[in-house]
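There are structures below to look over.
Next come two complexes, and both contain subunit A; in the first it sits with subunit B, in the second with subunit C.
Take a look at the complex of A and B:
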């Protein structure tokens, strides 16, 4: 074949043209010379690329099989035989009682498909009126705690209930026949039926003695009331009628007494919508408390000087109103000089008390001494403030708590081996009271729901039902019986504590029945309540109606007693020598005495004052920190009576000097993984001398990082000082300023304008208003939001990097000086801006604005660029950096039981997705469905957000801002209403009402 | 795919499978699986039918 034009022979070089053998060789070699110096091509794997890819795919397939988390999650099948009373998708509500503390607030339990998912206050309960505290809200997580005990155990080995009951009954009988004491340790008893049961147990086992305690009890108050008025039961207070409230170390809005009731009554007189005649709150305290943050006037004073303060007040007041029956005198001037008090503010206080006799109240904190309480009772009597005592509603004491002497006696009896059995009924004395002597007892029986320090040393551990699985009744107030009913059958193999005790009373294990205590309670109710009420209704009908309502009101008016003046005659002036340092041991705001230390939501709740989560600390004033040469996160060693404890420091503005404030309940060692390594156990400092006593303090080596959710801005740093005022984030005034000119905020208002015409919202438009006069920053809204919206717990390490997931945060700003700061609080949540900066920047349009004014979030569209969070000026967007359920504490909340706590109406977000407040869109949707079904229009008052429902002071208002008749409309257009960062023209839908402080001047 | 050394190939496969099974059996989540053993005994929620419901 001849070569044509297309058959040309192409060559790249002359060598190739002349068929150089080197060229031919290089064509066959894969690598040119010099390239294979570091390896030998003939030693390479002979595997071809095809085979390599085949092997790689096979390995990947193996790994995928191993790594897949395929578990049969079951099938969703519609009810074939629907349980009575349950409509899938519709919640049921049951009235019950919260047992988080001895206030026993009435609750409404929301259940879905037979399991409780949320606790709210019972509106029919006249004490708490539809509100509960943050601890009550979060207590639902304890029901679904995967570390709850299941099955009776003897010496760590599981045994059946019947044999353990028989054994225990034999042990108790033997103790009686040997004449040895049986010590039953319990917390404060507020249930009359449980009290009767314990009495019957005492009758059956004659050597039984009951020891009851409460970590932060009101023993001093009760003893003082007995000496002052002859009765141990003190009345509740009509705080809603008080013009002047003086709180002496009494955090009555935060953690003392029934603070939910107190908050409602206090805020009732700080409602601008009702009246501008506000009450005035004076607080005299050492450590800054929640009550102190809300004070109109605040004085710093160590708790050991309070007695002298009250004496000086008595002297000043009785000198002026001539009612002196107290012989000692201690002038106010001497007091102010000695303790560095502002004389002018002191005189203002005295004058205010005198001007409001019969309409003021002086409150003494539970930690103050008995003598101080007696003096305060006398002061109230002198001021005729007994008019504010509500004798219809007395704080009952069913069983007197054991004194320090009783515990000492128990300890010596145990050492002398005259106590052979200790029964721990839902208490934890080994941790709470550092009662390690209990270990020496021969037989220790614990009735607890989860493992604690006491049950870990017990021979017999009998797991008990959670409060939501139990029957009960509570009589903490004389005019009310609050009933408790189970809303779910026991999830684990547990029994109700009272049922177990009833079996022991009956004397043989066959006597047990699941329903036994229910019947016992019913009979007790019939005898003690129904028979006294003289109601025409048949008993069964009345019983069911009472369970439906959750509470039965009793007419129990007690007549007021006269003050016993001999009680004060022996009290001397303290005139204490200034000790170097004083420690004040206090109750935690959220985890109680350590009972809720394993509850992730509560541990993650930032402390209302210091904003520290997951730890306790030693709070000191700036001056004390300087003298000890410590800063935040340094360690101090607190020593007393040979015991010492190292604590991390937090520098707290507004604290009294030379005072160390420490919260107890932390540092528990026998607790679920969610509560491990949280804080330091300071309970060992308790020495029987009360809750504040002299100590030695010194700087210790090392540091400890505290997770604080709020930056501690230096109050002296010119750049950030008062920036919240400069940027109008916080706008405040005084009552006098407002009375003079009710439009005083107008000069700060900013007129925004748009050059384009934005969308018009003519129909329903959701909005929210928060009244900062009523907001106490208690944190109940935050916890309620967590429960309602399945917000995950992230753990301390994530909080340290600022990744806490709570949708609402409570911002706290200081102004003034570090010694006498003024505190401003502001709840901050998604403002649902009409001109949202987050919506424009989402690359996948996962966040957009609805036609009814909501800033919506489509979780499955979100790819996690976080541009929206970057753009948000309020920093309210939260990103799921991990699947936190999986990440926190070794996947502690990633299991079948914890998942039962989730609200089925709200998506559980996974990793990589942005979330934020949705204005409870699931509640809006539910209301919309109801409205459509009932063929009526959806209105703003048909929806209540979780935070609004939970707020004890009703500071949050939600509704339709286009409805001129709605409450929200009035708030949005109020002269005190303002928007945060208004100048940015984002047009937020959350209006804040400026706080008015009730001071004597026009300036804050 | 050509297996050069059949004995070595099967030995590797077997060791790999044993290794993955051992790792999976740990209570700590290394590769996959649930942590809590106790909760697997909860089969379903038992409704309490003696409680009195609130009327809507």
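Take a look at the complex of A and C:
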């Protein structure tokens, strides 16, 4: 096709203008020649776009890494004005008083940079002498409980304190003018100043009535004491002088009275290093208790038969020692035949009591009836055991606790609408006493630290300080006033309970100041204590000195009264013939009456006998289980007075038949996430008939899985029966056997030999010894260790899979028959073996041995293969399957407040690392630091481990096993000392001292 | 034999690539080392405090301000009231001192930038080192010459162990120096 030049208005080139055929051809092609031809890679640049980009990125990354700015290291916020006496990194200690129960033990609070991190006993306190119980140790967690209330609430809405105070004062005034009663409900009052305050409140508001209670009180004991001796205040006991102790349903080593004091005194006469003149413990009880586990002779007896038992004892003894003032006779033989007692064992008991007149003591449990208590008082009198009453240290009763009749009266008054205000002062009657009737009262005021069943039905909820944020004085024993001082400012918007009441006493809300109760206390102390002491010191000086020491000792010795014999004259033999089931409601070992149910550390403490954590249960004897056709985890239904409770079963060897033992305090409904769904509320069974009564029991449908950290090895299975004895895990003897041949354990000794030469430890070498004669298995060491070493709470689901994290495990073994088992206990912790099997298998050398004999664990090196735990013969290594703080109860303990409870000297372990007992290496390093500063060598006695410090009986000894003068060396080389699983030649550094049972025979 | 593409890749490209990677890693590792260890880190502080002036020219003892270093773990940053011991009177009208006084009077915390840091899984203790006679300069450098504090030594485990294992080399001024502990639990717990 050709075109003339005129056709074109626009042209790009002359060639086009002249219609060059090349141009025409190219126009018909989309691309110019060569553009679309196949290209040859060899002619292209060797770097492709992809490579180019990769190189560019890589070089950019390298440059970025190389030239990046320094990593920011954060800031150090120094004090603006540094408080005197605080050196960052060094702890301060303050003396105070524990208010967990009415024993009011003296505590020493360890604070770091102003925050309390550990509670231990105050060594200057003459009663608890530097020891507190497991609950006290763990109570620090309650201070940092994120569920504590903050700010005053009216009908669930936050209101400012001032207006709520004036509102309440108006309500109180109105109640008085209307002539309506104001019921103030509080727990047992042990503080004299609080008592004064309540008296003043009563004077100000005339219609106020005080109701005080304790879930497990000693009312029967006090009533009996009043009838026997004319005073309600009974003396404490000189248990350290008793040769024979007979406990009747009294768990005096586990939860009754001041058990910390009792444990120390009891174990003081079980010290092989001092003498082998041991005391002998007889226990007569229904449920196997902590005291029962430690008994030399134990009898099974339902609590309702105890009275007859005491009567038979009185008859037997008075017949023999000729002090018969009591005509009714009920021979021991009759009793033994009726209740199937071992005659021989019974007469041993009678003989022992007779041979040790004035040197023995009979203890009756608080749950026993008033009559039984009077009989026991009489028995002690007949045996001249009143010599062991310590009349210098008397159990005071400041305000008499309300009786069952008082509560009934309150209930009817409320029903009749003559009560217009109920004040709940740090109590929980709705849960504890099932007192839901207070719901009908118009105004309900609750002074609580966190929501509970009673505060949840209250109109006014006033949050109160924790004990560590409070002032106080306590006088539970006549010879001592123990002072309480705050060690931290209130963390939340709370006020001290007494201070709130003081504002009401003053009658106007402006009267409040944070310091008001402190001043009130000081004045009261000046008037009531200082003025009576005749001390030459000025008051302020004396006050500060007393605060520093934590306690003031008084000398209030009273003379002993004569026993009033008419008290026993009407008591008759019951001769109860009962085939019905009996339920015995008991106090829980660790969570008390439910007050500590929200404390994860305490919930996770395995029960000392059954080893069940996180739940309560119905314990029954093997025979009863058979007759009920139940096994562990089956449910039984306990019915009384139309109320029933379904509980999972534990088959407990050594229990009395036809008896169901249930612990209270569980099944709280209004509680923080950490305490939700733990156990069953059995408080509803309480019916004013005491703590044991007849019930109907039947098997219920379904099962409930209990989390037990140690299964029962069936006692009749030949394969596992007595395996702890066969494998020499538990080595025991009797005092008689030891007297005959003090090296009787040598026959078990095993000659180990090495084919290689192990390392030699020439310098200091850490070691521990545990005296099983003194260890009661109370669990204080476990909680002390939890607090010291930031051990997490894992929750019930994890305990069920065996993932509990406690570094110390209290092993409990049964031998003998299921009816009359012998119990052996053994705390098991990392043995820090010289030839540690865990070390060889670690692929990353995260666990290895130090030159001072520690089996050390470097968390930041651990990759979590768990080979070490597999290879540990003692099974004491714990693996963090989760970050448990994050995992437990919707990350309950993963918050800023709870984090304050951590010990800053110990790493908080995260998911995927192995951990175990370190022998408190942080304390060793602290002692080393002190030694270097003072320029003296580090010696074994400079270190006290947390468990050792906490052990109420001083059963744990720690030190340098190479120092021939050390206490530890003596323990390690004692003839009763042995190592667990010696045959494995792992050479453990924890020595156990074999338990000697103080029986009359030479065989266990 | 005919040269294949594979031969070329294996004989030339692969070694070349490996060399480039290794070389760049090594170079980057060494070049960035100081910064990774924090050596040379000298952040600007909220108040232009000069150690050269205070510790150098005026020769104030380190422990006058860094109290407690011989007693505990920390060689704390001094509290503001320590500064005010002198500056309540001295050079009150200088701009930096006015800033300082303001912090003091308002009771506001002074956010001092952290220069030296060991990881939180290592429990370093100042007192054991100071009480053994080790001078501050041995780890913190010649502070008396620094206007702005800067980290001069790496605070790594190797650095710790170098000294713990060979103290005579690292701390020649100490007589009869003992080896430091080199077990895990000495620092990690």
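Everything that follows uses one rule, which is that the second predicted complex is superposed on the first by the 923 of 1004 C-alpha atoms of A that agree within 3 Å, B and C clash if a C-alpha of one lies under 4 Å from a C-alpha of the other, contacts with A are read in each partner's own complex, and residues count from 1 in each chain.
Here is the rule we use: contacts are C-beta pairs under 8 Å (C-beta built on N, C-alpha and C of every residue); 3 or more make two chains touch, one makes a residue touch a chain.
Worth saying up front: this structure is predicted, and the values here are computed from it rather than measured.
**Q** Applying the touch criterion given at the start, work out whether A:932 contacts subunit B, subunit C, both or neither, answering first, second, both or neither.
**A** second
**Q** Let me test your reading of the model: by the given contact rule, A:54 touches which partner, first (subunit B), second (subunit C), both or neither?
**A** A:54 sits against subunit B, while subunit C stays out of touch.
**Q** Between subunit B (first) and subunit C (second), which, if any, makes contact with A:248: first, second, both or neither?
**A** Touch status of A:248: no partner.
**Q** Applying the document's definition of touch, where does A:94 land relative to subunit B and subunit C: first, second, both, or neither?
**A** First partner only.
**Q** Can A:505 be said to touch subunit B (first), subunit C (second), both, or neither?
**A** Neither partner.
**Q** A:957 in the overlay: touching subunit B, subunit C, both, or neither? Say first, second, both or neither.
**A** The answer is neither, since A:957 touches no partner chain.
**Q** Tell me which partner A:645 touches in the superposition: subunit B (first), subunit C (second), both or neither.
**A** Touch status of A:645: no partner.
**Q** Based on the superposed arrangement, let me know which partner A:891 touches: subunit B (first), subunit C (second), both, or neither?
**A** Only subunit B; A:891 stays clear of subunit C.
**Q** Quick check on the superposed pair: does A:108 touch subunit B, subunit C, both, or neither? Answer first, second, both or neither.
**A** A:108 sits against subunit B, while subunit C stays out of touch.
**Q** Hey, what residues of subunit A end up touching subunit B and subunit C alike?
**A** Shared contact residues on subunit A (touching subunit B in one complex, subunit C in the other): 62, 66-69, 71.
**Q** Touching residues of subunit B toward subunit A in the complex: what are they?
**A** Touching subunit A from subunit B are residues 1-2, 4, 16, 20, 24, 28-29, 31-36, 38-42, 45-56.
**Q** Write out the stretch or stretches of subunit C touching subunit A in their complex.
**A** That would be residues 24, 27-28, 31-32, 35-36, 38, 40-41, 43, 67-68, 70-74, 76-82, 103-104, 107-117, 119-121, 123, 125, 127-128, 131-132, 181, 183-186, 188-189 of subunit C.
**Q** Which part of subunit A faces subunit B closely enough to touch in the complex?
**A** Within the complex, subunit A contacts subunit B at residues 46, 51, 54-55, 62, 66-69, 71, 83-86, 92-95, 108, 113-115, 146-147, 150, 469, 485-492, 515, 518, 544, 547-548, 886, 890-892, 894-897, 900.
**Q** Considering only the defined contacts, which subunit A positions touch subunit C in the complex?
**A** Residues 58-59, 62, 65-82, 87-90, 848, 850-852, 854, 856-861, 905-907, 918, 921-922, 924-925, 928-929, 932-933, 935.
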